[in-house]
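Before I ask anything, here is the structure I am working with.
All chains are identified by letter, namely A, B and C, in their written order; residue positions are counted from 1 within each chain.
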Amino acid sequence: MKINRREFLSLTGKSAAGAMIFAACGLPEKELIVQSPVGYPEDLVRGEDAWYATSMPDYTNGDGVIVRVVQGRATKVEGNPDHPINRGVATARYDSTLQILYHPDRIKEPLSRYSKSGNVINTSWNKATNDFKNMIRDSKDKITIITNPLRSHSSYVASEFAKKFGAKNMHFDPINQNTQQNTLKRIFDLDRLPHFDIENSHTILSFGADWLSTWHSPAQYNEMYGAFREGKGGDRGYFIHVDPRMSNTAASSDLWLSPIPGTEGDLALGIAHEIITSKLVDEKFINKYLSVVDINLDEYSTSIVANKCDISEEKIKEAAKHFAKHTPSIAFGGGSSEAHTNGTFATIAIYSLNILTNSINAKGGILPNPESALPKINSTATGNSLSDWENEINRWSNGEVKTLIIRGVDIIHGMPKFTGIEEAISKVENVVCFGQVYNDTMEYADLILPEDTCFESWDTNIPEPAPGYQVIGTQQPIVGQTMTSDGTGIISNSKSFGDLILQISKDLGENFGNDMESIIKNDLKELHGNVSNGSIISTNPDNFTNGILQRGGWWNLSNKNKTFKLSSKGIASIKSNSNFSSVENYAGEDHISDVNHHSSDFYLAPFVSNSILDGRLAYAPWAQQTPDPISSASWSTWVEINSRQAENLNIREGDVLEITSSNGSIEALAYPHPGIRPGVIGVPIGQGNKNGGRYAEGRGSNVLSILANMRDSESGALAWAATKVSVNKTGNRRKVPKMEGEVEARPVEPGVPVLVVSPNETAKEAQEHNHHQYQKELFEKKDSKSKSDH
Amino acid sequence: MDLENKHKDNEAKSGIFNLPKLPFNFPKLPIKLPKPPPPPTHLGDVELPKTLMYLLPIGGLFTLAFVGAIASFIITAWWGQPIPVLGFEQTFDQPINFPHTVHASTKQLDYKDADGNVMVGLGTDCTFCHRTVNKNTAAGANAYIPPVNFCANCHGVIGSEDNVQLNILRDAAGIIGEDGTSPINWRRVHRLPDHVRFVHEPHIRYLSANPEHIKGETDGVTTGPSAVCSTCHGNVASMEKVYQVEPLKMRQCVDCHRDNGAPTDCATCHH
Amino acid sequence: MTTDVEKFGTRNWGMIADLDKCTGCQACVLACQAENNIPINTQDRVERARSISWIRVERYWEGDFPDTKARFIPIMCQHCENAPCEPVCPVYASYHNSEGLNVQVYNRCVGTRYCANACPYIVRFFNYWDPVWPESLRNHLNPDVTIRSRGIMEKCSFCIQRINRTSRKAKSEGRELEDGEIQTACSAACGTHGIVFGDLNDPDSRVSKLKNNKRAFTLLEQFGTDPNVIYLAKVDPHKKGSEEGHH
């Protein structure tokens, strides 16, 4: 028992002598121990206050981070000011990764399961490695290795392993970007995601993508958004966002358009039609656009589109005017707009808007990204499409796969249930799982190997999208094997995925590297021979490598060798396809989006959580407790529903709702608010883990599990935003754990506390105006009241 | 007549509130007690009570002394350190008997080396081992103990192979033994009160620049950062086992800060 | 002889939060939590409305669908020059120092909670429970910040440990502090560089310049608390200017 002075004060009231003796001899053993570890990592590389530059590819788009290490323990993660991706800024997820590193339920030792239905038992690394080797030896050409989409040395090791052992290398991402990647390849001939030059843009028109919180590279986009808002020369940028649900990206926009889900493509063509008919841009660009998008635009006149999307004509006209006139402007989209059965159509319609404003390959528009600076590593990675996965899962069921190696993904949690993955995976003879915390996939694993976090292992990362030039981010171990804080034991006897695969391959006679550290350092030395300029210039390859590791990466601002051209081939093939004209659009044919509509039918709009992502960070208590930007809810799964419609349906906040699709049902707490289209419900992704340690286990529900079997007709990607559900009250009611209401709101009069000004107004003027307005209304109310009283 | 009216009646009679009459009678006071027996006239006949008569005052004095001891213990503990009795020592047996004399002193020691020669202290600077102490880092907040590997740099070679104490270190560093490396858990000697954020670096910097404010003496080197440590830590170079010399309570801190024009804002130390 | 304290008391720390740049992303909230050893706000604590967040992002709704607008504002201790929390404290645990900080001295606090009642911004938090971290999570605690025990108030300190550390560093290197050298956890994390921290007494600092921006206002100005946190108003191009309003 530790007694501090405060408690001493309270104890003296009871018994002075007793308290003092407690205070004097109650010093806990722990307090008195000063541990002297074998070596301090601070001694290896010296830095001010021991901040190490590294990166976290599993949780970010290779953002550069600096981590504060005190006495061998990582205590704080911040953005690396030097790194060109995030330029020093952070997201709401950086620090949560520390809690994965120090998670109280981290897997300590390798675990092994002897029969499919049995429990796991602790085993030694020696035995686990031998078992793993035997599995690979016995199942040559019948191996599948699954990782998250990575552009790093880990992915190089995984693909090399696949080549050497005849294995199939798959990538899994629950919220995949196949449609967008396919479309960009088709119409712009781009092999990788382009750079959106938000910083220099004056108008942004974005569709679906929640790019300020989770989409692609949020830290990079946020940083550029700050500059966009400030505007060059005081010309504040104008931001239009299209999304049926108000995400925090939509909340930051100046004009929010909320179409019926699935009509985003029509809206994009409607805006194009408005620009063309009102001749808002140069004739040259109109012709270019029409030559590429060769369809009858009359079908997308403003009034037709307004009706179809349920958006007022004025708003469409306003969006078109701003987009065309306030240039440079940029249009991009993804996320929920591409996750429909007509995703490719919508994505083409969205991105081709850039032709009208000449934003392709232009400052403030879309810029191409060069290829990777390291020849071994791809500059792009996407999850495999739903069709690929269905084939793969079939192979599992048919016994064509004997060994499955899974790293960095919780595929059982992330894959919709209709794929039958749970039955299929239990038919695979050997399932080997890497990870930090026991997750739902490990429930099916025969061998569970504790894996190093990004703070303990060597790796690299090629960010995608890159900022328009070549970037390599490096990841280095910044903490040693983690001791518990009293020094009595280790948190996890984990090993690096890359190192282990390399070692096992070597033992099986396929040597493609000794360990990650040496491969990475060699590759960086090779880079030194290949490049003449960049962020590190040194004559000595060793100094060059050390310089890169110290700064957390290497980048070459001058390298912009790749330009991109419009490929009419891609458009033509789509043109001939009947799907291009607005398709069997599942949405829009009935009017469930009417506020007064009493049906329980809704469009389900799942969204990636701002704090726990797709569930990757659900294990971390900080990520769990971070309030959602819109609902301020935490620790749970909630259902966002339009407040007026909820009133009509007699749904109140905290009602437990049952959401039923054709593939099952989940329960979640109602959270009505005015920022979502009637007829649409928003449900965050990431909760509903059956396992996952003390903070995630059994919490909320997994919306991914009930998605309908729908896919984009062109790319075969899962149409995760296309599920239709019915919503019913269960009769139960619980408190929504949320920050809102914890302190009383203070909007006693307009402008308090969030003062809003028009572009040419000063804060003082706005405040005075608000005050006058408030008093006027107050007196009018009083007058009418006193009149009615008499 | 109900109770209320009864009250009223009583009030009317006496003007004050009277209790209603009880249904039974108390014995009237003073109660007559039986007469006590007469005191014994011959004390010498009764042995035990006589002894008691002498013992009681002695016992009282003992009790007083005991309470006083505890009280003084509390007071000294409150103002300074507890008196080093009853296990409240300021020093402990450490996992390794590390003699600061051998490493830091510049004087002749009682030790004899392996060849039988009288040893003279090495006279190393404090910051040679406590490397972070004059650095402006979070680590510099504590003069923290060097890592095992650092000790092993020298002691892998220096010192007898039979030296039990050194072999504990060599085992921890993985030089001998087969169980790999392991940390050494030292016990903390100097401990500030709760809620204090103390950083060595500015103190060392200031006192180095203003040596007239240094208090205390040292057997160790008297130049560089080492010279100033004695102000708070005493003559560590002369200690076989380190113990806390100064109370290191707030009063001492504030006095010194005031004398030297350092900030006395609460937030300087408490945050 | 120059002393260490030559510069102490000549500064006036202040913060600018640009509401036009705030995207409500919560990066500041988490950065603050990690920096200042704020206990984990468990579901139980959140449901009882007793969670602690020194900085929070409040979201206000404006209008109804389809013209809904969400407005974000980060709210932390305003470090008022006329702080209502200071005179009510019976033990002087809440006081104003000469650098413009409203300081909470944890070891003086006896937990009367008067200050929390007096604060119009509701940024003071009471520790209803002892902070608990599982053994392994104690590794990531910041050694520079006191862990507050049950029964005392806590609030945003403008990351005083960072102010002290950076000032110390400048002194030991024998130079003046540069503007922007001190970053609080929230200003360092802010995704859009919307939070700026600096010395309001230095006329060349970024905060001083932004303070004179025409959009600058302080929260609940009518209370006369004179905060050291200054907000820049949110710009809405669709808002009708006041010149058309009542003139």
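Convention: contacts are C-beta pairs under 8 Å (C-beta built on N, C-alpha and C of every residue); 3 or more make two chains touch, one makes a residue touch a chain.
In this text, all values refer to a predicted model and were calculated from it rather than measured experimentally.
Among the remaining chains, B is positioned farthest from chain C, on the basis of C-alpha centroids. Here the chain pair with the top count of touching C-beta pairs is A-C. Inter-chain spacing, taken between the CA centroids of chain A and chain C, is 28 Å.
Per-chain Cα centroids separate chain A from chain B by 53 Å. Once the centre of each chain is set as its mean CA position, chain B and chain C turn out to be 37 Å apart.
Residue positions 107, 143, 165, 169 of chain C each touch two or more of the other chains. Contact of a single residue of chain B with at least two other chains is seen at positions 136, 138, 194-195. Among the residues of chain A, those in touch with two or more other chains are 4-6, 48-49, 70-71, 483.
On chain A, the positions that touch chain C within their shared complex are 4-7, 9, 48-49, 70-71, 73-79, 88-96, 98-99, 101-104, 106, 212-213, 218-219, 222-223, 225-226, 229-230, 236, 238, 246, 248-249, 251-252, 254-256, 258, 311-312, 482-486, 491, 595, 610-611, 621-622, 625-627, 629-630, 632, 634-636, 642, 644, 673-678, 694, 735, 737-747, 752-769, 772-773. If you check the complex, the residues on chain C that touch chain B are 1, 3-5, 8-9, 95, 97-99, 101, 103, 105-108, 143-146, 157, 160-161, 164-165, 168-169, 171-172. By the touch rule above, chain C contacts chain A in their complex via residues 18-27, 29-31, 33-35, 40-43, 46-47, 49, 51, 53, 56-66, 68-73, 75, 107, 109-110, 120, 122, 134-143, 149, 151-152, 165, 169, 185, 188-194, 214-217, 219-221, 231-243, 245-246. Residues of chain B touching chain C in their complex: 136, 138, 141, 194-195, 197, 199, 201-202, 205-206, 210, 260-263, 265-268, 270-271.
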